[in-house]
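So that you can tell them apart, the chains are marked A, B and C in the order they are listed, and the count of residues begins at 1 in each.
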Amino acid sequence: MAGLNALNSFKWLSRNSRGLLSGAEATTRYLSRPISTETSATSEQSAREALLAKWAPKPVLATTYSFPSMEPVRFVQYPENKLLMPLRKDILHRAVVYEGDMTRQGTASTKWRDDVRGSHRKLRAQKGSGHARVGDRQSPIRRGGGVAFGPHPRDFSSGLPAKMYDQAWRIALSYRFRRGQLIIIDNEIDIPEDASPYLIEEIFKVNRWGREYGRSTLITTRESPRLFDAVNEVGKHAKILSKDDVDVKDLLETGRLIMEKRALDRLLSEHSRDIKPRLAKAT
Amino acid sequence: MRSSLRLLNLEAPASQRSRNLYVCSVCRHEARPRPFVARQFLRHASDSTPITERVRRKLWGTDNPPGLKDPYGGEGVFERKFKRGQSAPQENEPEAATEAAEDAVSEDSSYEPATTWEGLQRVGHLGTWSDLPPTKADAYTSFSLNRRLTKPVHLSLAAHQTAVELSLLHTLKKPLTNICDVIEHEQPVFKLIRNCKIQPKSSGQWDSAVVYPDKETEEALVYIFEQIGGAQEAAAEVATEVAPETAEDAELAEIEAAEAEDAEFEEEVPTTPSPPFFGYRDVKDKGYLDLSLNDPITKFAFLKRFSQLTGHFFPDPVIHQISSVQHVMKHVLAEQNPKPKKLADFLVADASLQSLPNVKIFAKKQKPSHKDEELGRKKLIDAELRERGLV
Amino acid sequence: MKRLQLQRWSSSALSSRARTGGRLQRHLYSGTRLQSTNSYSLQDQSLGQQLAPPSATSDVPKFTKRQLPSPPAEAARESAKLAALHARLYLPSRLPLETLARCLVDASADPSAQFNNQSLAVLGNDLLSNYASEHLICTYPRLPLTVIFAAMYAYVGPKTLLAMSREWGVEHAAAPGGEVDPGLLQYKRLDPGAKPDAEPLVGTTRPNEDQTTWRRSITSSVVYDNEFGDPERAASPPAELSDEPFLMNDKGPAPVTPEAASATFARAVMGAIYLHAGRPAAKRFFEQHFLSRQLDISKMFNFQQPARDLTRLCARENYDEPVAKIISETGRRSRTPVFVVGIFSGVDKLGEGTGASLSEARARASVAALKGWYLYSPLEVRVPSAMEEDGAAPWKPVYVDLGEVIV
């Protein structure tokens, strides 16, 4: 009787394991082995492929617009490791600090007591004058003396691993994208020849990009003086940068980014050293 | 007033001195003692020639010294100011009256001197852009509606219209985004579209999801939509032919009639804003909500057309989440009433939260004294204050 | 098994205020509270008023909330703090907010026994010490008495109860009164700088308490002292519930420490749960909040001469004489030698210990052997209160050891 029970339970187990074929992979492998090796090998592989396909990272769909009219043009795809990076505040912080350090001028300059011109003669005798003892006239406590440990020109720039900095770029762009604050322009950002800043004001008003919505940064590929002058006239609403002048800090600053697609592609490809396979070169 | 008094008449009457606060104390102080001298001088003056003029004559040695008649360049600021203040009592002076008469002859009778700069025409500027009015090149035509439609009725009308249009194009196998060339339909066409119903087949298919009220409508719409991307005018003509038969009720017919009349006149002047969707206020069916938007092309076309009609912007993450027309409507309606930022507003909005036992909403702002009262500390503070005689 | 009528039993401990139902009780209550609503600071002026015959309806508006010694019962429903505390403790819904509010009123705030938590705390204390002691004795039947007392103190002592009421998020009112939020623990605070234990306790349950030089044995504290082995004030004969409690004393009730007030509150909660939700709920509450606290009993031992104790123990239990043997050693002549010593009784190894010297290692080994003996715990622990459950198996007497070795 007991033997029959055991057999029954084994049957149930095997049936169950069949049912599991499409489900958890690890269970399948262990349970289905003694039953039918040949069939399970192929199904296992296909299940694995199906799973891999299911969990494979999907590219991101982004809409592009044509600039002045803001007409949606098409959907474009970006890989998920470019526009869907998880937010890492620490990396962003390090990148912004790195950039801040880099932009420090570091030209503060003073003369220490050695650098001040003049003789190092003792001003008066050590004893007998009734005054306090003094040294030379370059002493920091004297008028006209040197500055005690004052600043000298130096380089404030700090280091950041290039791969981390590249990641920071993509994290910043992904953060903007995920919050819906990245607007990609299919064509070139430009205004007509005889347009005045009124046009920029109007565009910003209609599209709700202005100051009441947190300002916006326009990022162009090419630095056209006419457009830049016009936008800088309405600086309370807008900020404009060419692709080469952009920093991570600028990406994080205003309410939204309005970027030319070419500029975005360029930035992304320039800052993906950590994901690009580097080919070995013969030396 | 004689011009020699220009500098000497600086002392303001006591009543005015308090009003003209902007006269700096130094000026007032310096100006004060002089008029006594001047008045004395004036009293003894034998002729009308002012002393400055006489000094000039003496300096030049002739009776007609060269130079400007008034070398000081007209009346000073203060003088003008005070003159205006004194003009009322001086009216009976014959000199002033004659001067005024002369002025009146030379100038327009309706001239009224301004007291402030407000409302005056601006003359002369530095030529910056903000000094000039916007030019023709500054006109901005947005793809979508310049103002966002907020009423739920309008939004559902737009969604329904978009759904009908796109499923028609689906059936006709035409590129979906062509519909965006038609910014606004003629009213009869819109009426035809509105009469159509959407009944999606399984899993929100777009193909032949439109249910036409009758054969004529179907033919007309198919004909119109065949033209889209090509000639637009033909479509409009057909539409006007079909229109009168499909009028539903008297009220709507009236609206249409009025609109049609207006439309004839307004063809030349299209700038006057008409009510969105010709004043229609209801959607006939809800079938369009079930349409699926999983296909990227359809989704793109739908959102493009919808944002063109309503002026709403769809950011990319929202587009990613959208999988049916229902989601679009949910998103657009949620944009109208965003979640309150303050906890108190949030609690006030929800009655079920207010009835929770551990939630208590006070009518007044709670201050530290309330906290003292609640902790039982206030009576001790009161007692101590009373004991020291401070209350 | 028949269900116990807890409500009927509890009427002695629970005032009519706490119970929302019952028209009869409410009727009885209406008179008494109105006589005792004046705060003691106003007692002289309102003496005549108190003696005047109370009329239930007309007198009500005269009393403001501030004159009450503790918040009125209807304020309990208004308090968000109280509701939050009720929810946070996951108290049964059968325990009304009014009773929880009463648990928060110490006797020093409201001396009236009908409105303070004294009666609930007495019941709760008995329950707590019963559950804790049966758990300790049944789990470790050989524990020495001093360790039992210390463990009891660690489980249900006032310091633990203070810590628990802090963990429960109970805040303390600055001063008690009718206007105070009922969700705050209310008691009369000590003046700053006052020492609560300045004068020695008098009127304890011990005989000859004036003889301070006499030795107090542990055994005597089992008989005379409380569950922690500390002297306890003798219970006074139950005074009848006086309507004018302020007249007893000029200064009003004595102030208490936050520790004492918190402990009373925690006990009162236990008593209230027992009364309202029944014994299973009370026991569950005890297990979830008290027994779940980690207590390492092996750290509570303090042996003066472990080797001698072990010898006596072996003699008592008729084991072979314990012998210390070096199991291994390293660096005997070095700066840091290590010896591993085992204590053997015949062939059985009783314990093992390591030390920097032979004697230290032997002492440690003896301690290990003693702890192994005293910390014996049966595999299946069953406490007497488990018998109260429905369909409980018949009781098998629990083995309890003779106790520690008396040297």
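In the analysis below, a residue touches a chain if its C-beta (ideal position, glycine included) is under 8 Å from a C-beta of that chain, and two chains touch if they have at least 3 such contacts.
As the structure is a prediction and not an experimental result, all values here were calculated from the model.
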Chain nearest the global centroid, as defined over all protein CA atoms shown: A
Chain pair with the higher count of C-beta pairs in contact (B-C, A-B): A-B
Chain A and chain C: spacing of chain centres that average the CA atoms, whole Å: 59
Distance from the mean Cα position of chain B to that of chain A, given in whole angstrom: 38
Geometric centre distance via CA averages, chain C-chain B, whole Å: 72
Residues of chain B touching chain A in the complex: 129-130, 132, 134-135, 137-144, 146, 180, 296, 300, 303-304, 307, 313-320
Interface residues, chain C side, partner chain B - complex: 66, 77-81, 83-84, 86-87, 97, 173-177, 179-181, 184, 186
Chain C-touching residues of chain B, taken from the complex the two chains share: 356-360, 372-380
In the complex, chain A residues that touch chain B: 60-63, 66, 68-72, 74-75, 177-182, 192-199, 202-203, 206-208, 233
